[in-house]
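In what follows, structures are represented as structure tokens.
In what follows, chain A forms one complex with chain B and a second complex with chain C.
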Partner chain A sequence: MNENLFAPFMTPVMVGIPITTLIIILPSILFPTPNRLINNRTISIQQWLTKLTSKQLMSAHSPKGQTWSLMLISLFLFIASTNLLGMLPHSFTPTTQLSMNVGMAIPLWAGTVFTGFRNKTKMSLAHLLPQGTPTFLIPMLVIIETISLFIQPVALAVRLTANITAGHLLMHLIGEATLALMNISLLTTLITFIILTLLTILEFAVALIQAYVFTLLVSLYLHDNT
Partner chain B sequence: MESVVPLKEKKLLNVKLRELASWILMRDFILKGTAGAFQRGYYWYYNKYFNMKKGSIVGLSMLLAAYMLFSYCSSYKELKHEQPSEYL
Partner chain C sequence: MMTHRDQGRDGGGTGRGQMCKFRAVGDQKAEIVAGPETDTQFHFTGIKKYFNSYTLTGRMNCVLATYRGIAWIVLYFKLRSKTTPAVKAT
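Presenting the complex of A and B:
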């Protein structure tokens, strides 16, 4: 049963050929490019949602920070669409692989740090020490703040991986439990209801994307502009 | 009987069986042809189901159902071992 449980998270292979790249590229098919002033319904809905999201995400930045908006919105769309596609049964979610999330997190975080260092060196170094600390605490606090800075990309990647993986695993387990309890019908309805609730809550994997980009955003904001 | 149209320009369904081997050898840009085929297929589906004034959810759900079926086929090997519950 243990091997069965983790089988959905292995890289998908079809007749011996890994098709991971195809599955990663798949969400891009679902976002067609708008050609006209007034498009079909699919594109109109996507445009409206993108406008809503980008206003929400990028309005708090200065113009210099808003040059990052294309990067951040495409990141948001990618993670959101990948996670939502992973909600389909038997599908493979690339964001459950730590390798991919670390590959996304480290370059983006490093970009924000280096932008801040290059343009406002004093300011970004000053962030290592919160305001108003007693003098004798300063060395220890600098060390602590440096550690917390370097833990940011790891936290970003592991947060996304762990949340999605744990959600999928939980759904598998509870589904299996429901099937096993089918003959003891008193508990079945209760557990099925728990599955339903968990599935709905897991649809807020999209909220996780929000958390991802927001965290990235906060980091960018602090490093670049203040 | 001699073909009137030159062999190189015929599509696959028009080629006679005798000429098949030389047809395959004569095809250049295989990669570009495959990519062109994918592109044409994509736009055919898109124009038929998405690019309408009053599109509906049918196009998207057919796509997702096909993706689900594809994933099921891809992971059939691991799913083969799952038997329905034997406790009765």
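Presenting the complex of A and C:
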């Protein structure tokens, strides 16, 4: 009856074979390639949403930054679809794994930083010291800004992991509480069930918001460096 | 702070017909001009020309000097010879 709390976060295995790779690749089959001038309704809606998101994300970028459009939109679609598929009962959500999120965050962040250092070395170095800093505070602020620079990918990864993991855990716990209260008090069960419903709606929103926040932050780092 | 309109005079790299304001930056006078900031706005002399927290060059040099200082401190502690103990164990 009390299912292991760690079960939803363990690597899924089928007949002894880990199928994590298959699960990571799965969302891509939900986005078929448009192969006609006027596509079917599903693809048309996906195209419309993709255009809306890419305009929102990339309009403020320079032409150099806009070369990252495909990368960033793919990232957003991948994280959003993975998070939404994770809302299915008894499914495995790859974005609850810190290893995967760090694997996405560090290369993207490093790419933006190296782009900035390669194309605008002076400006990238100068950004490590805020303008107008008093002289005696300069060494301390340089160290603080350097640390905050290196914290960025860690924060990106941990934010996504923590939000999705916490949401899934909460749903699991409140669901178990609802079941346990059914034999004790129907009124309390009803209240708990309403809370669970509201939480599920919130988790759907969080799934999309976290995907957008991850992509937006990467695009902001890119904007600072291009 | 002193303000004046500078019509058509191209001096000090401020450009054409821009509103100029002066503000005190320590003991130096810095010209604030509307538009994108450039290093030519600030007229530092001496060591402040290369190490300040206002111009891009100054900020870059401060950052590099800080990193070099940290590297020197780390190298010093790594490479310094271990002193012999005052009392030998018997």
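Definition applied: the second predicted complex is superposed on the first by the 183 of 226 C-alpha atoms of A that agree within 3 Å, B and C clash if a C-alpha of one lies under 4 Å from a C-alpha of the other, contacts with A are read in each partner's own complex, and residues count from 1 in each chain.
As a convention for this text, contacts are C-beta pairs under 8 Å (C-beta built on N, C-alpha and C of every residue); 3 or more make two chains touch, one makes a residue touch a chain.
Treat the numbers as computed from the prediction; the structure is a model and nothing was measured.
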Problem set entry | Partner contacting more residues of chain A (chain B vs chain C) | B
Problem set entry | First, second, both or neither for A:T133, with chain B first and chain C second | second
Exercise. Which of the two partners, first being chain B and second being chain C, lies in contact with A:L88: first, second, both, or neither?
Worked result: first
For this session: Look at A:M123 in the shared chain and tell me whether it touches chain B only, chain C only, both, or neither; answer first, second, both or neither.
Result: second
For this session: Return first, second, both or neither, reflecting whether A:I143 touches chain B, chain C, both chains, or no partner chain.
Result: second
Exercise. Now for A:N4: first (chain B), second (chain C), both, or neither, which partner does it touch?
Worked result: first
Exercise. Once the shared chain is lined up, is A:T42 touching chain B (first), chain C (second), both, or neither of them?
Worked result: first
For this session: Check the residue A:P32 against both partner chains and state whether it touches chain B (first), chain C (second), both, or neither.
Result: first
Problem set entry | On chain A, the residue positions that both chain B and chain C contact, one per complex | none
Problem set entry | chain A-touching residues of chain B, taken from the complex the two chains share | 42, 46, 50-55, 59-60, 63-64, 67-68, 71-75, 78-79, 81-82, 84-85, 87-88
Exercise. Which residues, counting only chain A, touch chain B once they are in their complex?
Worked result: 4, 7-8, 12-14, 19, 26, 29-30, 32, 40-42, 85, 88-92, 179-180, 182-183
Problem set entry | Residue ranges of chain C in contact with chain A within the complex | 53-54, 56-57, 59-60, 62-64, 66-67, 69-70
For this session: Could you please specify the touching residues of chain A with respect to chain C in the complex?
Result: 122-123, 125-135, 138-139, 142-143
